[in-house]
Structures are given as structure tokens and as C-alpha cells.
């Protein structure tokens, strides 16, 4: 089965997710800097979510690029990932309007944790389908960044009830860890092609 | 005529449908779990619609994948399917805000029934255009899952006026039946390619 | 210059236009058929616009399919068409909420007229760029349906101030004329390929 | 690494940006020309933004077309550009509702300036990655239009506090400068292919 449509559909959904988040930035009532200042918390949350969803897109790009063909299971593992990503605009809007509140921070972390879990599952399904592609398996095998992200998201959920700034710092840290694209797979691909 | 653009356009429309449904999840007013609880019914309806539209995407993917080329009639049969799917966000939002009401449940079922009818029509148009492809015709020929889904959606509409939970159970059952991708076409494709 | 991205971008824009129109169908306040009845005028206008935009997509599909390569002028003629199509959701929403009013009906016709003019211009740019492709030029040359649509849209604008139902009848008639895909180009393509 | 998905994803995001801007055109309350007149300022701002984003799409199209393959750095330089473009609907809506105000005009200019900076950065990353493609480097090397646009956007920001019409004139001038597609790269591509 061809992977072209899976990539096209995922691109479509992620492009829409990343773009409709900006609809949470409501046009301010006034026409001065004070009016703009009111949307600053939502804007900062938007920047964070844009980067985190952008990371999923680049990693998804690298992962699928290293893949030859896909199974029906991959289709559903992929839809599962897109489902959790589709909730990012909702939790971004809620966190943006309640940045100092614990529950929206914890829910933001929970949705990101579930997206990370879904990405790990997608990776596993693809690797198991390509078990004759030992380099892909070996390359992703350790996946230290992925495991670290899972741990940081999981930690951010209870810590939001201690101090939500700790959780925010964890979200930003995950973004910084991943901003460097996954050169491991990239290097494998280069050798492979 | 090439099928690439038909797939790309369908991917685009389905990606937008599946993603704008999340806009029905309005950012809650408060910042606690009680506020989040108010969006729970809409969220559950969103999950159901996401899965049902996801099923259409995977089946559409399989069906077109088994197809070589398309006619003008296929373009319109496909647009007809996309029309009914485009109403899913509307009925999802209405059902989500009125889960215990009969009419929104029946209308939700009616839109899903019409989408299923449109999919069956699309399948027929494609099969009749590929009458020299006996394997595709034979593979889809029985289409037990498709017929069962049609019957369950049709039954869900009047049953919504008896007890809307019966209809909800039918919608969930259709989702469960289809969550396994259509291996019949998939197997044909593998032999074919 | 390749036409793939032009098609992909146009597909994306048209897919979004056709799908965000459904956002004008606001979730009704009540939970009974009376509540649903209030959105019926918007729904009917949505059906009409869906069909008219769908016609543009299928014709665009046929036109580009008969094209080998594109120039910078085609890019802008195409963006010009997409601009007028992008106003369709706006005029659909306005007409849907004011079906018995003259001005929204006339403006709906004006946007459709401009889209038809833009399509004619795009067709001309493509034909003049392919002047060594006499069959494409000959096939589109007469373009009776296109000229008839232009005349009907132009007539619908002043007639909206006489009786808006005449204009509505003209819009529906244009849709019916075009529902049969443009077999002229299709037949040329078949010979060409 | 293939550029297909980068193009597809960028097309998706730009298509959505250019289309959701029309959502800022709220359906008017009344049904006469006076009601339509109230959305005229938003409409004019929409036209300007549509053209400016359309220019980014055509230039992006030309730039990527001249490119053979892409690096991880290009992915992020591209996401950076898409981030600033994603803010265009927000500043379009704000400027549209406050056309005679200095701050929205200056912020509109600032977002366009940042998008132009991001485009310049993307161009540099691509050129440095293709240092063995001297024609691409030579062709973009001068980039007079790009530098002029940067200067005009930078000037429009402080001038918005003198008289916002000067800034508006600068935005329109940038659009006019670029409406002619970048024939330099186009000519290189023709020689190259």
C-alpha cells in the first residue's frame, strides 16, 4: 500500500491544526497596544503549540520518509496520533485564556502526553511492519528524545498543581530538545537511498 | 483521467471536516474540571464522529487504491459523498449539545445514512466503470459490512424516538464493525500489484 | 513549470472554501425540528453553493488535466479565480440569512459572475500559452456553456431587484447546465493521452 | 530528502491562511447596501492580504521549484515563514476593523516585515545548501525586490504613527512590485531543466 495518501492526509490535518489555532487569537476590541497586550498570553501559548505541532510534522516527515510501504494498522495508528493533535487547538485556547490555572495546564500536558504516546505507538507499528529493515529499527531503537519527552509531559501533569510555571518550563524544554530535527533517521535515510 | 487530484481533493475535504469538528469544542468559561466537564458530551460526540469519518477516509483510501482510472461520473459521486460528510461537523455539534434529545440523534443518524448511501453509490460507479476488473467487482460484491451499516443507520433514525441510547449504541457498533480496515480490497490490491 | 503544485494549492483552497461554508450552518438553539427548520434557508443556499463550487472544481480539474505546463501568468489568473471563489462562503452566509432580500441575492450573483469571468480569463491564458495545442484551443473555443453561464449570472444581478426568485432560478439553472462534466475537454484528453 | 511533502504542507498551510481570512468578513446584520458598506474596510484589507499572501505562494513555488533537495534546516526555516504568515489573518482582521488607527497598521507592517525576514532566511538556507548550484545563487543574489520590500515594510511601521495612509500606500506598493512573478528564477529554471 502506498504511503503518498497517508502523508497527504496527515499534512492536510496537521496544516489545518496549526492554522486554526490562530483563530483562538481573537481580534482585540480596542485599537491600541493595551488591547494587543490582552491577547499576549494566548499568543505565547500559540507560539509554543505551533512549535510543538511543527516538531510532530518534521518527525512524522522523517519517520514516513524512512518507510517503504504501510499497512492498515499504520493508517489507524496515524489517525490516533492525528486525533490527539486535533485537540491541541482546544487546549491551547483554554490554556491561553487561563495561564495561571492548574487544570488547563495539566490538561494541556495530558493532551501532549497522549500525542507523544500515539507517536510512539505509530513508530512501533511502522518498525514492526519493517522488521526486515534493521537499520530503521536500530535507528529508532533507543529513541532517547522520545522517552524523555514522554517523561517530561507525564511529570508536567501533577506538577501543574504544585506550580504551573514548572509545567510551562517543561513544555518549553521539550520543544527545545526537539527543535534539532531527528538526524538519526535522516542519516539512515541518506545511507539507505 | 488521473485519480491523483480526486484523492488529493478528497483528502483535503476530509482533513478539514475531521479538524473543524474540534471547533465545536468551545473553550470553557471557567478554569477548573467542572468547566471541562461541560464540554464532555460534545467531546464524546466528537470522538465518535472522528472515528466514523476516519473510517470513511481509510475505506476511500482502499477503494481508490484498487482503482486504475476514473470517469466524470466518479467525480460527482465522490462530491456527493463529500457533501454528506461535510454535514457531519454540524450534526456533531447539534448532537453534542443535545445528547438526550431525539431529533438531533435522528438527524445525526440520517446524515450518516446518507453518507453511507453515497459511499455505496460511489462504490457502484467505480465498479461499473471497472467491469473488466472482475476481482474488484468480486471483492466488493458482497459488501456485508456496508449493507449492515446501512441497516443500522436506518434503524437508528426511528429508534431515536424510542430511546436515543439505542441509536447511540448503534452508531458505536458501526464504528466497531469498521475499525478493522477492509482487508478484502487490501488483499486484492496486494495480488493485483 | 510544473502544474502539480498549482493543482495541489487550488485543491486545498477549493476544499477549504467548500468545507468552511458549512460553518455558516450554526448549531440551532433548540433540539426539535422547529429549531432545525430555522437553518433550512441557510442549508438550501449551502447546497446550491456546494454544487456551484463543485462544478468549478471539476471543470478546473478537466482544464488543467488538458494542460501540459503553466506560466507565471497562469499562477495569477488562477489566484484571481480563487479570490472570487473565496468570497462564496461570505455571500452564501449573507444570502442564506436573507433569502427574500434583493441586495444579498444580487451580491451573490455578482460574486458568481466575477468567478465565472475569472475562470474564462484563466481558460484564455492557458489556451494562449498552449497555442501550439490546437485541439485544446478548438475544444474550448466555442465554450457555449461558459458564455451562457456568464449571461445568466449577469442577468440575475438586476433581476434580483425585480423578484429575487428569478435570480435564484437562474443560479439553479446554471448548476443544472454544468452538472454534466465538460465532456469536450475530456474527449480531447482521451485522444491526446 | 524529498521536497514534495514540504511543498504539500506549505501549500496546505498557505491555502488555509488565505481562506480563513475570509472568515473575518462577518455576515452583515442587515440586508441592504448600507450593511454591506460596513464590511468594506475589512474587505479591502482582505484583498490586500490575499494578494500579499498570494505573492508569497508564487515566490515560494518558484524558489522550491529551483531547488533539488532540502535539509532539516530548510524544514524549520520554512515553518518559521509559515508561522509569521499564519498571523496575517489576525492582523488583517484587526486592521480591517481599525483602518484609521496607528497601532493596528504598525502591527500589520511588523508581521509582514517578519514574514519577509523569514522568507529571506529561507532563501539563504536554501542557497547555502545548494552552493554547488551557482546559477540559483547568482539568480537570487541581488534580490532587489526582496530588499526593497524589507525596507518598505520597515519604513511602514514608524510611519503608521505619522499617518497610517502612508503605511497603507507602502503595503499596496509592495504588492504592485511583486505582482510580476519572479522571472529571474523562472528563467534559470527553464535553462536548468
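So that you can tell them apart, the chains are marked A, B, C and D in the order they are listed, and the count of residues begins at 1 in each.
The criterion applied here is as follows: contacts are C-beta pairs under 8 Å (C-beta built on N, C-alpha and C of every residue); 3 or more make two chains touch, one makes a residue touch a chain.
Model, not experiment: these values are computed from the prediction.
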| item | value |
| --- | --- |
| Subunit A on subunit D, rotation in degrees - Cα superposition, rounded to nearest 5 | 90 |
| Interface residue overlap between copies subunit B and subunit C, same or different (over half shared) | different |
| Whole-Å separation of chain centres (CA-atom averages), subunit C against subunit D | 26 |
| Intercentroid distance (Cα basis), subunit C paired with subunit A, Å | 37 |
| Subunit B residues counted as touching two or more neighbouring chains | 8, 12, 15-16, 20, 23 |
| Footprint of subunit A on subunit D - complex, ascending | 1-2, 5-6, 8-9, 12-13, 15-17, 20, 23-24, 72, 75-76, 79, 82-83, 86-87, 89-90, 93-94, 97-98, 101, 103-104, 107 |
| In the complex, subunit B residues that touch subunit A | 7-8, 11-12, 14-16, 18-20, 22-23, 25, 27-28, 31-33, 35-36, 47, 50, 54, 57-58, 61, 65, 179-181, 183, 186, 189 |
